[in-house]
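Structures are listed in the sections that come next.
Next come two complexes built around chain A: one with chain B, the other with chain C.
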Partner chain A sequence: MSLSRTVRHAKAILTGFKYLFAGPRLTLMYPDDIQELPEGYRGMIEYDWDSCIKCSLCAMVCPADAMKMYVSKEESEREGKVVKRPGINYTRCIFCGFCVDICPTDSLRFTKVHDVAYYTYEEQIYPPAEFSKGVPRPLYLREPRKVRAVLDERRGIRYEPARS
Partner chain B sequence: MISSGERELELLIGPQHPASGHMRLVAKVDGDVVVELRPNIGYVHRSVEKLAEVKKYLQIIPLVERPSLADTTANNLAYVMALEKLLGIEPPERAKYLRTLLAEINRIHSHLYGLGIHGVMIGSSTAYMWCFGDREPFLELAQELTGARLTYSYIIPGGVRRDLPAGLGERAERVLRYMENRMRDYFNLYFNNPVVRARLEGVGVLSRHDAINLGITGPNLRASGVAYDVRRAEPYAAYPELEFDIVTEEAGDSFARVMVRVREIVESMRIIRQVIRKIPEGPILHESYEKLIPPKLRESMKQRGMVKFPSVFANLRVPPGEAISRVEGGRGEVVFHIVSDGKLSPYRMRMVTPSFRNVILFEHLTRGVRVADIPAIYGSLDYFPPEADR
Partner chain C sequence: MDILKLLFEPYIFIPLVFPGLVAAFLLLLIIIWLERKIAAKVQLRYGPLYVFKPLGGVIQTIADLLRYLFQEPIVPREADKLAFLMTPVFLFGLAYLPVVAVPISPTYYAFRSDVSLLIVMALTTLAPIFTVLMGWSSNNKFSLIGGVREGYLVISYEIPMFLSAISMAILYKSLDLVEIAEAQKGLWGVILNPLAAINMLLLMYMSTSKFPFEIPEAESEIVAGPYTEYSGIIYGLVMGASYVKLYVLSLVYSILFLGGWNPLPINDPMVAGAMLFVKAFLLVALGAFLRAVYPRFRIDQAISIGWKIAFPLSLISVVISLLLIMGGVSLVVK
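Our next item is the complex of A and B:
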């Protein structure tokens, strides 16, 4: 009984000792390294002004009321009827991607950007005109290294420099 | 304050205590012995059931995921299964396998989450770091499949949102082999560690009889020797076609509850391998919805393996009626009951989460234990306050 306990103590200490020198290191050194995200990652959303048919399905399906239809003044006056276009509020968005998936013309698309910081609340609300300008590029102090997560049999995850 | 003649001291643990979670434990202690411990829950109640009455059917999918953030697929799947019963549709075979795949990946990382938190509660920060680190490869797999780390919203009425990405099976196999190798070190360093055994063995023993009478669910029930699992009792998704064992332990103590989770991780890995081997070809969305998608879009959707929603999803109308569905989540049985009156939102939605059913164990298991046993028992229950409060 006590012998087996001693053995198990020793095994625990030896295992810990082994991991001091070798063992998986899973830390991603963000923001010096940034991970290249997989295809179809649900990040911030891109809006294409020209292909949008203003059907407002995106606003209807949005579970968080982040996507809203704004009256487009200029277009309404020109066409003599109320024309609405979508805008997004990133303080509410939960990145479920329902709006992208329901868009019948692929005017809304996922981007892989997800790490943008804002100074004010108002900046995070994008009316249609700003929304169509594309997603902001996150600012880094130094240009980060792009890495790719490689799933590895021995180390779990290995971060390798991405070939661009 | 204790006046003369009184022996008991009331000890408040939480709600702003690192080991209490979003809840308060009110303990009456006599010296170092706990006389009574009452969980004070409700601090993170967010009225999911009431909110569901004003949200449209599809908008409820992300909502029901939020309460149990480590175990989102179980809620997503159970809700959609109830919805599908009302709609009278059955998802295609391939979608069923993909649902099972995500559910099992989710079970593994949910168990690792619970084991890690338990580890740090009893003072092993190494176990915490290891478990949370090893969740990462599984999150990576799930992210590749769904596009998100935790809040997948992957399962929709009639199918799933994404097809299996090329090469995911091979990458999953690498992750499973990695985890199998790691398991040995987990046992050497943590589970077989005499210090851990001394903290957990014989602590918080739940008898088979009490477990059944109290209505305990999930791994906590199986650790008391009851072989009950919804995946077997009322099979859903692809489980009827897969081989797996129901993991049980006899001891019913904190260590048995930990062991059930560890062995379930191994069992889940077995299921994942089978899913990847057996997954049939075919559509991932029910044909009645697929034919509503414009032809041009349908083509590009099949090419990219990403489902587009038909426009009826924005205002999904569900025939009047009631439906109940059950799913075995990481922490236990998840039950959804939807009452529809034919409008755009449910008339009533009931969501029963496993943590809420297990919370009674705090009171039941802690009578007469030492104060230091409280975290050892708490952690072993894998109790998640937001999930219980909903």
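Our next item is the complex of A and C:
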């Protein structure tokens, strides 16, 4: 019994050595390479000010209470009634896509942007005015290479340059 | 000029420069980086990379060290302050102290003693006392559990490790490390008594809590064991101590089993020292590699390995040595 255990130890160490010298690497070298994202990717949400009919369905359906209706002051004064527009809080958003699905005029759309960092909590809350300005562009030091994940029988995941 | 000459006197050079403090420090910087790098490669990752990218992030450890230096060392209010602050210093000091008795060439040593093997082994056993003390002085349950675990491990690895080392001393009929290394001009100890070699390698990693036996620090169970309350540069010291201890034990192991500085192309102390250092470095690197292979043993598994496997094996290796001596293997240098 002890002998078979010793053999198993030796096998484990040999496997380790195999990967040490011949193993593949699965890391996506992120800031230099970025993965090409599929259609329908659920990134940050962009908002179209003009086509919005202010129905507040998005705020109603939001399961995380991220989408909220804000009173739009100028519009309310101009039209003489309370006008509300949606704003989003990315500290709460779970990117489920319910708001995008339910929007009757497609005023809310997903973008493929997901790699944005913030310094403060408050920056992540977008009232309607900021929300309609579109999503922030991630800042790269160099222009990143777009890569595509390919499943490989032998190596697992491989990244190769995307054809665009 | 006199100062430079003084520096190269063996009794200064060995403890302070090579294989002592400076070499241990350099090895520490490289091996911690290498450990992360090896673990990353085995786990299909890259490991530290962006601090000096052309060499694969080799100065990552220096960046970490700088961070430790500027981090605030926090002493818990309820801790025994003197013990808490002094133990890391003693731990690190005692971890590298045995190096004074390690010769780096047939002619270059800090001091030559008939019992230098015993001196080295005895000095290495002092460090665990301070690990236990550290666990007690932090006044933290995780530290205490870690310290007690270290205590359990110490009693289970120390006796077999001594017996394995002594079996080689029996084989070479000497406790002098210089004579032991010189006796291996032809056959290395690892070929003569492979059982003792494997046994001592195992116990060496056990004594420095390398990975299968990383029980006192068990990160996922007891935070960082005895080191839980430490921060800043004193944490750097305690973290370095186990690597330095492994380095010192690797030097001794290389002398006992891997021929020391043999084969020696030219009889120059620096060449011999480099030869010894490379062997020790490979042993430390092997310990770092095991981290990527093994999960952690439970404390009872480790102790049963110590008493039920390593202890009988060490007795058998003593018997093998005795049989070899009686069989007339004459290796001892005249």
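Basically, the second predicted complex is superposed on the first by the 133 of 164 C-alpha atoms of A that agree within 3 Å, B and C clash if a C-alpha of one lies under 4 Å from a C-alpha of the other, contacts with A are read in each partner's own complex, and residues count from 1 in each chain.
Just so we're on the same page, contacts are C-beta pairs under 8 Å (C-beta built on N, C-alpha and C of every residue); 3 or more make two chains touch, one makes a residue touch a chain.
Keep in mind that this is a model prediction, so the values were computed, not measured.
S.K.: Taking the superposition as given, does A:G156 touch the first partner, chain B, the second, chain C, both, or neither?
M.R.: Touch partners of A:G156: chain B and chain C.
S.K.: Between chain B (first) and chain C (second), which does A:L26 come into contact with in this model arrangement: first, second, both, or neither?
M.R.: both
S.K.: Could you let me know whether more residues of chain A are touched by chain B or by chain C?
M.R.: On the superposition, B touches more of the residues of chain A.
S.K.: Using the superposition on chain A described above, determine whether A:R42 touches chain B (first), chain C (second), both, or neither.
M.R.: Only chain B is touched by A:R42; chain C is not.
S.K.: May I ask you to decide whether A:F110 touches chain B, chain C, both, or neither, giving the answer as first, second, both or neither?
M.R.: After superposing on A, A:F110 lies in contact with chain B but is clear of chain C.
S.K.: After superposition on the shared chain, which partner residues are touched by A:L57: those of chain B (first), chain C (second), both, or neither?
M.R.: first
S.K.: Please work out whether A:E79 is in contact with chain B alone, chain C alone, both, or neither, and reply first, second, both or neither.
M.R.: neither
S.K.: Output check: A:G16 vs chain B and chain C. Expected answer is one of first, second, both, neither. What do you get?
M.R.: Both: A:G16 reaches chain B and chain C.
S.K.: Figure out whether A:I102 sits in contact with chain B (first) or chain C (second), or with both, or with neither.
M.R.: Once the two structures are laid over each other on A, A:I102 reaches chain B alone.
S.K.: Chain A residues touched by both chain B and chain C?
M.R.: 12, 15-16, 19, 24, 26, 156
S.K.: For the complex, give me every residue of chain C touching chain A.
M.R.: Going through chain C, the ones touching chain A are 38, 41-46, 289-290, 292-294, 309.
S.K.: Where on chain A is chain C touching in the complex?
M.R.: 2, 12-13, 15-17, 19-20, 23-27, 29, 156
S.K.: Can you name the residues of chain A that touch chain B in the complex?
M.R.: 5, 8-9, 11-12, 14-16, 18-19, 24, 26, 37-42, 55, 57, 60-64, 94-98, 101-104, 106, 110, 149, 151-157
S.K.: Report the residues of chain B in contact with chain A in the complex, numbered from low to high.
M.R.: Residues 55-56, 58-63, 126, 133-134, 136-137, 140-141, 143-144, 146-148, 151, 153, 161-162, 165, 171, 174-175, 177-178, 181-182, 185, 188-190, 192-195, 294, 297, 300, 304, 306-309, 311, 313-315.
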